[in-house]
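As written, the chains take the letters A, B and C, and residue 1 is the first residue of each chain.
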Amino acid sequence: MGIAKKFKGICIALASLAITATALAGCGSNQDAQESQGSGNQVESASPSKERITLTVEIFAEDLDYWQKKSQEDAFKKALPNVTLDIQSVKDSNELLKTLKIRQAANEMPDLFYMKPDHVLQLKDSLYLWNADDPLVTMNKSVDKLEVNKAGEGKYYGLPMKQFSEWVYYRKSVFSELGLQVPQTWDEFVSTAKAIQDSGKYQGVALGAKDAWTQYPFIGFGPNTFFNDDNTASEAAKTDTPFSPDGNYYKAFEMVEKLYQTGATGKALGIGYSEAGQLFASKKAGMIVIGQYYYPDYVKYGGDINDVGLFPLPVVNDKSETNRQVTVVDLPFGISKNSKHIEEAKKVLEWYFSEEIYKEYLTERTMSSTINGIEADNLFTTTAKTLDVTPFFIKDGNEDAVKLSNETKWDGNAIGQQMLAGKDFRPIFEDLNKKWTSARKKLGIQ
Amino acid sequence: MNYSLQRKLIIFSFLFIPLALLGVFMLLPTFKLFQLSLTDWDGYSKSFQYIGLDNFKTIFLDSGDVWLSLRNNGYYFIGHLAAIPFEIAVASMLCGAVIGSRFFKSIVFMPYIINGVAVALAFSFFFSPSGGFNAILDALHLSSLKQDWLGDYRVINFTLVFVSLWRYCGQHVVFFIAGIMSIPKEYYEAAEIDGANKFQMFRHITVPGIKTIIELVLFLNVRGVLAAFEIPFLMTNGGPGYESSTFVVYTVKEAFQFSHVGLASALGIMLMFITVVVYILQKKIIRISG
Amino acid sequence: MEESKQVRRLRRLRLTTVIKYAVLAAIVAIVFIPLSVILLSAFKTPPEMVQGTVFALPKSLNLNNFTDSFKQAKVLLALKNTLLITVTSVLLNVIIGAMVSYIIARFNFKAKKLVMGIFMVAMIVPFTTIEVARFSIVKNLGLYNTLWAPILIYVGADLMQIFVYKQFIDKIPESLDESAMLEGASYFTIFRKIIFPLIIPAALTVAIIKFVEISNDMYVPYLYIPSDKFRTLSTTLMIFQGDRTLEWGSLSAGVIWVILPALLIYFVFQKYIFSGLVAGASKE
């Protein structure tokens, strides 16, 4: 009896749940119906002959809002009257690569998608190749800047969506309080960081190395920028022991070690990018070294916009030498070569890179433009004009270098984390040299 | 219809759909896993070569970080194993006379209900250097115990195991409560008349009474700790270096960061193997120690 | 003599009571303190987030994070999808699980060990490593980017479930089946009329655990139903957690939106988890 009663209760509860679900489903589908009806009318009035096409677009979730908002606007409907975007999103670059690779293995690529530069080689078999004379290519000034983007025979794998530089953000009030000058060399930078740290009031440099990638300005780019060598990664593939004391990696790690050993980076392993950004925004740290994308967050978290100064990370060790500043060319758009709607996907890019859509994105995110004739108006583009600094583009490793890195699991940022944990990089490098030598033999790389 | 025909029919029809689902979504991919474990597939090339057992050789001879990661699984294993007596004690407490036992029961199970991302986020806040836990230590005048809970490689695994315990203990407690409730009350009454104390009752009635549930939890535990992934992945991504990596975190890195899908498949196979071995060993050891 | 023994006993009882409540209070604190961080953050404005400690109280009861994240995360759409997927898979899963358990508990047949072995294997397969292969299968079945993909993946019975159900079925006296058979009931009728209703209480515990696991799972929906119209409560949180996004307030509020339905369902159903099990147990 008792059970029967309870059973009834459970049934009622389940039923009410199911009803809620269907009710919600109801609202949802009504909405959908209205939406498609709305756009249906649009089609009829614009171009009745064309059939409706749905393009799948894979982007980062942080851009989802922007894409959705913009693709609902009239400009989109005008440019692509018969196209609906099925926008799919992933949260970060690891997940993007994972998803795209799994989809590639099943031959189910989205029509149009973001890539990170280091994803390109792994996805190249699925990519539509861009001709050099394609208008979308000729208007893109960064298409040549990415070495991995060149498919040979004058063709390209993707169209870089944006670019940004790496900067040192500093609190002007901290510098004047402690009587500090903007440093001109790497050693000065290290001692400035130490001086701020030693004041006992502020952390020297905010660093969120729990997210290993936040060390890019030091560990990732240092082996190139410090030595004015844009091709360190591919050169490493040509030798058996690239991690020896006379190599770029070793020397760069020694320089970074100087910074890490001052303790000016605080408890960097306990926090990630966001906490580090908050440290700087709340003036608990005097500097942060990071890309342009941080600025909107600084503002949002109440950082005083009059108190923030910018300078490129000094990578030279001789004041007479002109400093070099890394510019990162990011997110090449790829189109699947098996897409049934390559022309439409191109039209979507045309729409995306139009001044009206693209410039607003650049402004909102304080990014720099990859498109000729469109200039972003922001703090960084104006500051850059006042500086005597050489823009520096780093070449990603070629295929051999990528293979060797994978085989030996060479991951600079992970070793950087270990340095921050108090370990010596030298024995790790010795071990890497051995692995590198045997990997070259195994893979037959000369 | 006679019962022997019916019997065949019902066995077949009732097992067909569940086994078909299992076959399609679990077994087929697992066969594929075996196949890939013998190849050098990188996950993106169109072709691959069969390389025999080379992947397994690489794992054993050439991948120190796998064993470091597996050692970290050991922390989870010991942590969760050590928690089981405590879980049983809490479960039996909640089954006894406790004011507000329903409230406590729901609180105990609550962490399990909460979204994993939320848990990782809350604890990243909580254990950051200037976060909640260090603030609590300050307030208790225990500042000397303050640590960089997610940065210092000497404590990081303990922190992550704590989060794992926080999240999953409640689930075990619920199982144990279910088990204890199925023990007839008369046993306890009889024991009380014989003058047994609470601990004796716990040891001689409760524990044997939920033997099957304990076995179930022990099995789930082995499987769970060896597959530990979400907490380290979301909270530290295995870092610094591989200090807080686990077997599965390492496997995922091999597959997608370093493009060794063949090797990662071999790691997957090994994980299944290790799970079975650890489970059998655990069962043997427990049987020996009574 | 007799009296002092009584007193000692009473004193010991009081001490154990104190310990008991102290332990329970500690558990409550351990559960709530880390969560309070999320709750407090959800009310803070971004500048407030960076000032003071994580335990600092928000300056005002500012609901912006909640309204913003509700819109941005499309909580209703996500809730609808999550309920559709979860309710369908859990309901089907209960039926499937009961079917398997009935066969395992009541019949002896040659392949029984094999069947159990298969369920055992399925239990120890590490999901994360089979995605590449599983994806191709889902795609080739034409299920990719349809709600059926997650449902069919989730719906399969698992060993734990069979184990719990079987315990319940074992407690149902076989004489019940036999008397039904004397009246000419088919096995199917026996299952439908006797076995299934009686294992519902056990099913509920497992169902709640399944419900929780499915609604919290991120990887399956994320991989198999990527379209935005299929977003679920767990995938919708991604909007706030990119590599370079710093949306702690909104994320915390979003997290609360995502937790709320699960908690609500839990508190509505929780009395069944425990009372259902008691009912089953006291059947003996």
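In the analysis below, contacts are C-beta pairs under 8 Å (C-beta built on N, C-alpha and C of every residue); 3 or more make two chains touch, one makes a residue touch a chain.
Note that this is a predicted model, so its numbers are computed, not measured.
A.B. asks: So which chains count as neighbours of both chain A and chain B?
C.D. replies: C
A.B. asks: Looking at chain pairs B-C and A-C, which one is connected by more C-beta pairs in contact?
C.D. replies: B-C
A.B. asks: Compute the distance, rounded to whole Å, between the mean C-alpha positions of chain A and chain B.
C.D. replies: One centre to the other, that is 34 Å.
A.B. asks: How many Å are there between the centre of chain B and the centre of chain C, using C-alpha atoms for each centre?
C.D. replies: Chain B and chain C have C-alpha centres separated by 15 Å.
A.B. asks: Round to the nearest whole Å and give the separation of the Cα centres of chain A and chain C.
C.D. replies: Chain centres of chain A and chain C, defined by C-alpha means, are spaced 35 Å apart.
A.B. asks: What are the residues of chain A that contact at least two other chains?
C.D. replies: 101, 105, 211
A.B. asks: Going by the contact rule already set, what residues in chain C reach two or more other chains?
C.D. replies: Each of 131-132, 241 in chain C touches at least two other chains.
A.B. asks: Where in chain B do residues touch two or more of the other chains?
C.D. replies: 43
A.B. asks: For chain A, which residues count as touching chain B in their complex?
C.D. replies: The touching residues are 94, 97-98, 101, 104-105, 122-123, 125, 209-212, 266-272, 275, 405-407, 409, 411, 414-415, 417-418, 420-421, 423.
A.B. asks: Which chain C residues qualify as touching chain A in the complex?
C.D. replies: Answer in residue numbers: 45-47, 49-51, 72, 76-77, 79-80, 83-84, 87, 91, 131-132, 135-136, 139-140, 144, 197-198, 200-201, 204, 222-223, 226-229, 238-239, 241-246, 248, 265, 268-269, 272, 275-276, 279.
A.B. asks: Could you pull out which chain B residues touch chain A in their complex?
C.D. replies: Counting only chain B, the residues touching chain A are 42-46, 65, 124, 127-129, 148-153, 236-237, 239-243, 256-260.
A.B. asks: Can you tell me which positions in chain A touch chain C when the two form their complex?
C.D. replies: Spelled out, the residues of chain A in touch with chain C are 2-4, 6-7, 9-10, 13-14, 17-18, 20-21, 24-25, 27-28, 32, 56, 58, 60-62, 64-65, 68, 86-93, 95, 99, 101-103, 105-108, 211, 213, 273-274, 277-279, 281-282, 291, 293-294, 297, 300-302.
A.B. asks: Taking the complex as given, what residues does chain B use to touch chain C?
C.D. replies: Contacts found on chain B: 1, 3, 6-7, 10-11, 14-15, 17-19, 21-30, 32-33, 36, 43, 90, 93, 98, 102, 104-118, 121-123, 125-126, 130-132, 135-136, 166, 171, 174, 177-178, 181-182, 184, 198, 212, 216, 220, 223, 227, 229, 248, 251-252, 255, 261, 264-265, 267-268, 271-272, 275-276.
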